[in-house]
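Since the structure comes first, as structure tokens, the remarks are kept for the end.
Residue numbering begins at 1 within each chain, and the chains themselves are lettered A, B, C, D and E in the order written.
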């Protein structure tokens, strides 16, 4: 029971890390290696607002989200769209987007280093315990989990029950055909990229309430996000959430029942297992 | 209504289309015949804005210039393409596919009316509204593709080999739908390998040979033409 | 023969192009280079303990007009490089500083591994190498191999045994019980300490009721803390690294881990730790320490904050600064920047630093702080290998 | 049938999701025979070619090459056992020269060659298909018919037991068509065993010994060409309802 | 195809001369330039080994760090027991076996799945090594204290690089290389001309992995102190990919063209702007992506092509 609750809470955090990327990669077709930096940048913003302006992180989301949207829209339209247009095929775009987002990764990391230096940051917010079934859990983690549920839930409803959301999914399924139903593929892609950025930034804000972070840590989050995205099936919000939960529970179970030294190994082991037996991810579609 | 002048498309060194000019009026079916690789699909894709055509060509619908426009603008202008291989969203349901068809602004206020038209034409789609398209048979997917195009309230519809992969019975069915559509006043540009059946329902035809238009005329004249018979109608 | 001459000629041409015309001028500054992590996993620690102190030292020395070499004062000029937490880059940077920037002295990089990676190069060029941020038990072996190398921060054994000693003392005083939970980060420092610490604790008569390790960078440590909690220990010991030091403490607070002694490793002494946990930090033990009450130390903390804009930590910051003072004083005493003489001076001298008097015995500073504790918002050294000013440890009373 | 059977297709069935592309198909090809496989668009001809060459796996049934079951082997093994093919949409290897394209067909396949021997064979084949002059040129200069010739030469390089030509004549203009038909005639004269998927009726009539007619994945006729094409069911299926 | 052409002999001669000149480097400078040279040779070796596999297959492998780290660890564990050359051979064997296994496991994957899989594999190996060391040995770090100077390491790497080039050249001339070119063009055709593309890919991955392991082994003495974070540094994998892509992956030489300017640029930027190096590198990166889409080799080929066309025209 304890394992499952701890695991689910952890999975919520992972979902926040990964859902943004799955949208960006699934719809806008950009494997955004800078996703971790986006997340850490949001951690820093939240930290700064909390410390200097005394803004509650939860409220902070509402300030950070629009900023993240604009910034990511700009990144997509200015830096990535030329690559999408230039790419003759999927493989070329993949290579180009890996290189370009790697550049963005450096750029963001450099900006954060200049702004905040290399040291570790953390602050205390809702760091009190909340007891479920006799065991104490961090309230900040619970809040983050609930926010994750809310964010991914809203996202899911938006994607499946609105016209614009359906267009977003249409672009993910087949960008060429999307043009045939008067979808402005460039704009929807930019929107999806920006939306993914918003989710990632919101994740950063929530994670900053219980993680210790520094400017060089983005890559850790990027790796986790990539694993979850691939496990869940590219572009599938549902898949990403379930993969995140599985991972959370698996890590907690490994740490509790086997050896905490093997948690990360367990992650990769699970990941590799899934790739071997279901290469398209849990919910991915088989492409032949 | 749809007017194409001097359209050329090249893939590297290979000239897929060479100075093609043609027109399609409303309420008529125009068929483009040609062998594999003659450039038929390229023609439709170029009109639809999915591949860039060379400089110097003009395309217009109802007087509105559409050359070098993006696909979504061209759909908004009133041209719907039913591409080869259908181009439906396999991961979405029938209903979602049709709803997306009504995505152009010009089509939104006609959504309910068009949906009724589609369901009248293809009752099976009404029954399978919530089914994922990729789980359907080829014929049903073709219906979704055509239905989706109808939803966009087009003035001109372009069909790229709609009979491909369909049984004779279904092919006949599809061609029947085309004649019904024609009667609603839509102009139809049809690309086909099945020369006999397509000429039978068409008003006019163009023959595409190695990227340029070899012959054109009324469909009933083309059927009688000796060279056409030899090349496309199996003697 | 001719071929090699040709090679030589060509390469010389190449080198002169690459180096450019390095002008020969009378020396009036002392060039000091430092290559350490600005990015990568080690940058977090480096940013706290290394870079600000280099800045502070440069500021202090140059405010005085420079280091007194013979009869003239020579200001220091700093060259900074980022090793991206990677030994290969560190070696390259040091090569560059020595050969291209022609620095007179090199400040040691951050991290045990990186210090060992650059040691052969520094030894080859005969530069004094005061390796601050490297904690190892093989110190004697290294300093024998590289006689220009000095170690200041201490040995793994020293740190680990102190933990056992302090806990033993508290147990013998009846303050805590006999059960200990020991966890460690699976990284150089954590493992070495755990390997010395566990036997030491057992030898001291403690019962280890829970032990485990976790990978570097883990921030979700609920299973570890809960595992420890279920074993109902009287004391909790974690040989941890910066992010997990924070995460363990946070989790312990949330799970309300009821122990009388709570020890976490590196970064406990960071000001950010106290800032984050506030009064909950009260009574928490950590690696390292200082005696913050000496006038030198008070002055140091004040100027650190003034000059660098950030607060010094309560351990390696001061040690790092002290190592720079050692270098400064050695140069002044030797009256030259000649390396062998400076090295000789360091070997044999006693230096007045913010940490008090420092001497090297076989190139190793054998008197160092091993353990500290947060008491009323200050991190006091509670154990050392023979230093003055050890504060009496207190028991941890809750997480409020 | 006195001539040895080269290929035997036994109740071959292929499903794509819910679609039955090939349904319980049986036929065989004997040595030195040229078999035409015809049927309307989408009747499953190309699928059959893909099943024989190993590009697709059978859902059920089996295919035998000279008694050996090949339908459970990967494509490369089938190629090594002596089945070569051309593709409906020409597949040229663009970064290889013309001659290397041809050599590629003979290095790993049924009849292996390498080095000078390979080059000689390739040149010989290029001469045969009429591309000798372009042997050392890059492929980007090739016209459509030349690409088709090149692909044929590549398929021949392995000196296969069975040659599959998938709409090899499609897309050629009348003059080119004549050249193409002659080329296949010469192969026939060599005594090669060929399966030919075609739309061009003239070609089927003049080239094939026998033909198999498919419609909607089912074989509806099998036999001597002229006779089969007169079969009313074939006429109805192939030429469409409107002509029936 | 088997014949050695005049061109090849000429290139061989150039190569001999170039290597001879490069081998002289340590005689002239034992300091910074040698150090920089060593870094360049290391990355040239790594990138060339990487391109052996990734060039023809277009698979982007991020497992470089795994094989590199394994090689490093072989030396770390065995340096006090076995002579160095034997350790290099063991490193090659272990690297080969592991990469062969990884290769077999990843046959079904392509594109980004392969990329992430290899990254995951590298991390998994790193975690397992860490865990084993944590639980079954006394310390996580291993000391590799040898008498090798930078010059020795430089020469070994140079020799190895030559070996990798020769291997690559031999592969290109062999059936395997020819098969890879066909696979790179069109995998369907490859299967239908009888190529077992799975076997060919695994074989190449194995060769590539073995070489990378040896490079790691050679560099172990330079690290002196080996621990998982530095031996299995994922940055190595990333840098190798980036430098190779920058140079272009179509020929064996291409990475060389990427590594040299990149290393110099990296070095220059980090020396001049230690606090802003990330920002500048980021910008440099983006510029490279936009301005040199084909990799530098593509650019150079474009220029030479235009040049030779002009020549042709004047001949006509």
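Throughout what follows, a contact is a pair of C-beta atoms (placed from the backbone, for glycine too) under 8 Å apart; a residue touches a chain by one contact, two chains touch by 3 or more.
Remember, predicted model here, so these are calculated numbers, not experimental data.
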Omitting chain D while every other chain stays put - resulting connected groups: one piece
Neighbouring chains common to chain A and chain E, by label: C
Label of the chain whose CA centroid is most distant from the centroid of chain A: D
Farthest chain relative to chain B (centres taken as mean CA coordinates): C
Between the pairs C-E and D-E, the one where more C-beta pairs touch: C-E
Chain B and chain D: spacing of chain centres that average the CA atoms, whole Å: 31
Chain B and chain C: spacing of chain centres that average the CA atoms, whole Å: 73
Mean-CA-position distance for chain D and chain A (Å): 50
Approximate Å spacing (C-alpha centroids) for the pair chain B, chain E: 51
Per-residue multi-chain contacts in chain B, two or more chains: 134
Contacts with two or more other chains, residues of chain C listed in rising order: 38-41, 85, 186, 213, 215
Where chain A touches two or more other chains, by residue: 109, 113, 259, 261, 264-265
Chain A to chain B touching residues, read off their complex: 163, 166-167, 169-170, 172-174, 176-177, 179-186, 285
Partner chain E, residues of chain C touching it in the complex: 3-4, 7-8, 10-12, 15, 18, 38-41, 80-82, 84-89, 91-93, 95-96, 98-100, 112-113, 116-117, 119-121, 124, 138, 145, 184, 186-188, 190-192, 195, 213, 215-216
List of chain B residues in touch with chain A within their complex: 48-50, 70-73, 75-76, 80-81, 83, 87-92, 96, 99-101, 103-105, 107, 134, 148-149, 152
Chain E residues within the chain A interface of the complex: 58, 60, 105, 108-109, 111-113, 115-117, 119-121, 123-124, 127-128, 130-131, 134-135, 234, 238, 241-242, 245, 275-286, 288-290, 293
Chain C-touching residues of chain A, taken from the complex the two chains share: 2-3, 6, 9-10, 13, 109, 113, 117-124, 127-129, 135-139, 210-217, 220, 251-252, 255-256, 259-261, 263-265
